[in-house]
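Here come two complexes built around chain A, the first alongside chain B, the second alongside chain C.
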Partner chain A sequence: MSKLPKPNEMLRINYMPPKTGWQETPVDFRPGTFLYSGRPESLETVGLPNPRQWSPEDEDWKLPENWKEIILEGLRERLDKFRSLRIFMDTCVRCGACADKCHFYLGSGDPKNMPVLRAELLRSVYRKDFTTAGKIFGKFAGARELTVDVLKEWFYYFFQCTECRRCSVFCPYGLDTAEITMIARELLNLVGLNIDWVVTPVANCYMKGNHLGIQPHGLVDSFEMLCDDIYDITGIQLDISFNRKGAEVLYVPPSGDVFADPGTHGLMGQLMLLHETGLDYTLSTYNSEGGNFGLFTSHEMMKRLNAKIYAEAKRLGVKWILGGECGHMWRVIHQYMDTMNGPADFLEVPKSPITGTVFEHAKSTKMIHITEFTADLIKHNKIKLDPSRNDNYIVTFHDSCNPSRAMGLLEEPRYILKNVCNNFYEMPEDTIREKTFCCGSGAGLGADENMEMRLRGGFPRANAVKYVHEKHGVNMLACICAIDRASLPPLMHYWVPGVSVCGVHELVGNALVMKGEKKRESTLRFEPIGTEEDE
Partner chain B sequence: MGLTFSLLLVAALILAVFLGVEALGLSFLFAIVIPYLAIATFIIGFILRVVKWGKTPVPFRIPTTCGQQKSLPWIKQNKIDNPFSTAGVVARMALEVLFFRSLFRNTKAELVDGERLTYQWEKWLWLGGLIFHWSMLIVVTRHLRIFLDPVPGFVRIIEKFDGFFTVDLQNVYITGILLLAAVTFLFIRRVVIPQVRYISFAADYFPLLLIGSIAASGILMKYFFRVDLVAIKELTVGLFSFSPVVPQGVSALFYIHLFLVCVLISYIPFSKIMHMGGIFLSPTRNMANNSRAVRHINPWNYPVKVHTYEEYENEFRDKMRAVGLPLEKDGSEKEAAAAKE
Partner chain C sequence: MEQVLKLNNFLAENKETLLNRWFHLVLEAYPTESAKHFGNLKSQFGNPVGFNIYEGLGLIYDELLQSKVNEENMFKALDKILRIMAVQNVPPSQAVRFMFKLKNIVREAVKKELAAGKLVEDLLIFEDKIDQTVLLGFNIYLNCRETIYKIRLHEVKTRCDMLERINQYNN
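Now for the complex of A and B:
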């Protein structure tokens, strides 16, 4: 890993574009700002083309002989399959409204991180080969030839977009650079250009059911450890089940929460809540991952990984599916799953057996978000909460990109937070809800070798946290995304020391008054509990 | 470079008509042939483009949600920014098309004191853009007076409001002036803001210069170098009734105006101005966010290779048995190996 600049050095950002035009400015693979190439074994596992050893820093990327033909043919095929792509290629007026909306541009000043230029990287090639004006007028019509250098530029910048869709909120035509990035990554994949942080989780998830490649017994062990911790804290022994046929509900959390803090604490909170409500649910080892890095690879890969959820629900004969706190997982579930792998006619419309609420808005997909489930419980007074147990925390909420801009899950987590803790403050309006800033590590960019770029991309988010940290003493950043829980801690450590990160359900777990529990001495992270000190 | 190119191009176009009409006497070409060609190019090109878009499938339901979803009945949904129904989508689109709602969200980010990111009020682009487009719409509508006989009632009403102000006893159409002002603003903004200049190329300057020149020549004709309106109406009505004539006494200024309009409309189908069609078809804006309630169909959805539970259990059966996980097939390790074959 390269040495990180200090925060004040990092902030010497030059927003002035360079003297040379963007088409004449070559890409610079500076250590700390790009990701390592995909391991050949991982590509082989899932049958992706051109597996080989290579590095982005190499001169020769070992592309197939006819790489150009492959890419252009791939582009033609996708232009005929996605209206989004056609419209987005044709309608941008380069008004620049999206430019300073991208966290990577704000954190780096690199003009090719303006969403409009990121899109132009592909659009210029599209013009050259697919439009009359581009064919005739060439450069004057903004067209350019697809060369290896252009391809390298694509690799660098399309793996420097977290597919967060913030630009799309501000564009007068809703032009979504995330969509362009998704399709550009598909094209890159056709010639074997991928990053290891995406393709290895994909391969693991495909074979073993989760990103980390944990085998079934390892998974069971890990959950048992969480249950032991819960026992130590509450005196209650949870009885959880895996792959159990005939359960009412299949519960699918992101696997990141099983293995790393602070995700584990949030998962404990969810397990405690489900125990307390008596919901008849089961976990699956075959499908132990809701997250789906296929989304960051290709539509086809997304479908291949996502297929397990319905397949497993069908095999186990459950009635409906409950999903954990994960951001991009919910983009897939909300916007793609039913279309790709439905119809889920073997399931029933989700109905909370505790409150009787029927979740009509999920009547086709048959899957609901844990915060929808919990908010409903709280509204109906079905669980007992003692928010003062979280009094050590002054909390703010980070909206993850996908639940906010590809779903609109904004109030559910807030409602929960306001019921489980006494100190809650919002970050400035321009940085939350649909205008939320990405953590900077989404869409598979969360690898350590990319740390400088992650910290740059996460700067706008961190800066807003800093604001409430200084103004209200906020010391806890709650979120509903597994990637956030992995990436926000280093981000806070770098930009806003003194702020920790938690899942929303960690705070639920702390506040939850369970039947027969012993007096709580500590929080789910084994720190002294909030109320204790004042008593 | 793009800027110089566009400037030269527009100048060349103007010079071409001027010389064509004044020196070569090509009035017939500029008064009749080119307008017909331009209108045909516009209509055919526009339709072809929209049909091409329309024929391309929309495989997934991908609205960009800009407000609270519809979920639990007691949580207030944002029905416009996150529409669940067609009515909501129509409202959202109407706000986009008529008032540039998304552009209205615009802010300007600035790093203050080298450490604090701020987001400042910046609605100038929205305002300039809105004035530009609305003025253009009204100006174009007013032009119907020249093509249609009798003049339709709504055109008269628009004229009345538009020409509310008088200068020296002469009605001044405010939209014409606003159009020129707005297009000038958009042009200056494009040249002056370094980032916007950086992303611009010829195809961005050219339409602005073209529209600016059209507006300017129009204003010159109306207020400074009066043209023979009767002759012009003879020409335009002739064009529209397919019995074209080239009247005498039409000035070069008018030919410049007409020719630039012809260039503009024939340019539209090949350019970014197609955004006027694209905005209606943009999947992130024109779809309801009801994908968990109503299944969206992808016409080209195809079967993919998946790793089945059976394959998974075959690989891990013994390990699963060891931790007491339920199994579909409780075979031995050997059988498992055989099943794998």
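Now for the complex of A and C:
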């Protein structure tokens, strides 16, 4: 794994003081690098333990008296329940293949951001209490006692992992280090250690159906506002239905797109496309969230929130579900839904009524991604597109971690982009598709208080964008994840000024030639449009 | 003036050696394993920190060899490095320290000439340029930190606007 030092390196005298071993280096909670704690009211809403006011900067984290017992018992329970966890704890051979693959490590140089060492934070405790070698030989067997400092270290580093799974791609054993982070977060949650950027959206979603806490009438109003904008741009009035029983399809976009630019523009594009195709769909005001922050909390929470989508589909009597441009939603659907809440036997295998395509791969979950739907429409020549309307943009595509690595959605967004714009350039090979670099803000890390850490973690991605920006003049970074659309703009602002961010369907909306539309003068963000071919 | 050219010629001829020495000295600020990784320049995209630092150092090195330093070019070169350090928990005094390491390297490289009383004037002129660069570096570092706070402020403001709209709709 590690190379032998060269003679000149061995001769080099280091005047720096010796650095402490990783087990003895405590965490420094420096502002800008950690996340704020979960609001007690939000914990109470979903029944999470130990709701209280506390801050990671405090000396006393107000843990329950028997916190150690709770964590170790929690770990024991999970080791029995998830065979995968026991394998992940026992199997790693320290080959180092993952070490330099984490964007947080590449951006910071902090060794505890190496996936192998991040996992070791949990493994060392596992060894101490659950393996014979660790019980007998202690530190010599890589084991260590669970202390408050270890717990603080867990909090710092497991909320510094975006669960993007890039490291897993390179692991020869296929260890899913994101699942190690998930388990560690579950354990932290048992004693009330969680972050507000995850817990409050979870509570909102549980009570009101979406992360932002928009109530049903508010949601209807906000969609109407998007329709007003579409009318101003195209002269076409969209008629959107909510909670309509008997519709063929339930459409579930991420709620971030309803309120936050540039996600709103992408959502407008999707609504325009659905109108143009005449798809018989409805939205739900009770489950108005594609995202699932339960994934970043615990398996139980993920299951509870995911169940709402299917409960609504059942209540409304739809045939299948269409999901919006969301990221981690697809990891939940593709990898966990089927065994958590599935199979969704009451639904039908998704079939596009426009092209007749049956989406066999979604046979069990009955849910497909909007880019699969749109790519199929383009392939069958069912929509008219004028890519020159996007001529102001030189576009590249950021593969969002979850759609690419968790469901293999690599070709569809590219196929769409190549059909809706004339200028498209890929970023370098090692930074796209299944090897894509994370935005640095996924898995609940997209808050503002940890901005410095986000910019560190996002640097490898930004570095690749900068390359195509300088080489090809790329000025638009397209993606299919709501968290990306929220987190990439500040990342670009810092590292690559001059590059904007959009959803793939924003460009679809621009290029889409709608029946009866007026002459387009502006893009979906009300900027002058590129050239039109019929001019 | 002729003397200045002499030192510059020496620095230009030995660029690769001196630049590599400088690069590895700069990386010593990182933990040993990480310094090893950042020092491996095989992949521009797999090692963005090391690659950008190396590229920035090279540009700074070239600019220092010019008879008159072009501030715009120097700004861009320094920015490549300091923009990274500004998000890596490196205080400003440490961040600009890498420029002083070049002084040590050059002094060491021409120590025989210096002992013989040669190149002293050249060296003073060269080191003056380094000092100017350090001052410029402080501006860049501060500029980066200000950008981070502006971004954060913008995020907070956007969130407040959004919550206000949500409240309006919910009422």
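To be clear about the criterion, the second predicted complex is superposed on the first by the 513 of 535 C-alpha atoms of A that agree within 3 Å, B and C clash if a C-alpha of one lies under 4 Å from a C-alpha of the other, contacts with A are read in each partner's own complex, and residues count from 1 in each chain.
By definition in this document, contacts are C-beta pairs under 8 Å (C-beta built on N, C-alpha and C of every residue); 3 or more make two chains touch, one makes a residue touch a chain.
The shown structure was predicted, so the numbers you read here are calculated from the model rather than taken from an experiment.
Once the two complexes are overlaid through chain A, chain B and chain C clash, as defined at the top of the document. By the document's definition of touching, of the two partners only chain B reaches A:79; chain C does not.
When the shared chain is aligned, no partner comes close enough to touch A:422: not chain B, not chain C.
When both complexes are overlaid on chain A, the residue A:388 reaches neither chain B nor chain C.
In the overlay built on the shared chain, the residue A:410 is in contact with chain B alone; chain C does not reach it. Of the two partner chains, chain B and chain C are each touched by A:106.
In the superposition on chain A, contact of A:133 is made with chain B only, not with chain C. Shared-chain residue A:335: touches chain B; no touch with chain C.
Comparing chain C and chain B on the residues of chain A they touch gives the larger count to B. Using the contact criterion defined above for the overlaid structures, shared-chain residue A:30 touches chain C, although it does not reach chain B.
In the superposition on chain A, contact of A:490 is made with chain C only, not with chain B. Shared contact residues on chain A (touching chain B in one structure, chain C in the other): 16, 99-100, 106, 111, 114, 215, 217, 221, 428, 430-431, 459-460, 463-464, 467.
The touching residues of chain C, when paired with chain A in their complex, are 28, 30-38, 43-49, 51-52, 83-84, 87-89, 144, 147-148, 151-152, 154-156, 158-159, 162, 165-166, 169-170. The part of chain A that touches chain B in the complex is made up of residues 8, 11-13, 15-17, 21-22, 47, 79-84, 86-87, 90-97, 99-101, 106, 111, 114, 116-117, 120, 131-133, 137, 140-142, 165, 168-176, 179, 206-209, 215-217, 220-221, 242-245, 285-286, 299-300, 303-304, 307-308, 311-312, 315, 333-336, 338-340, 342-343, 357, 359-365, 367, 372, 375-376, 379, 404-412, 415, 428, 430-431, 433-435, 459-460, 463-464, 467. By the touch criterion stated above, chain B contacts chain A in their complex at residues 1-2, 5, 49, 52-53, 56-62, 64-72, 74-76, 78, 81-82, 84, 96, 100, 102-103, 105-109, 111, 114-117, 119, 125, 129, 193-204, 270-272, 274-275, 278-279, 281-285, 289-298, 300-301, 304-309, 312-313, 315-316, 319-320, 322-323, 325-326. Residues of chain A touching chain C in their complex: 2-3, 14, 16, 19, 30, 32-33, 99-100, 105-111, 114, 212-215, 217-219, 221-222, 259-260, 428, 430-431, 448-449, 451-452, 455-456, 459-460, 463-464, 467, 490, 493-495.
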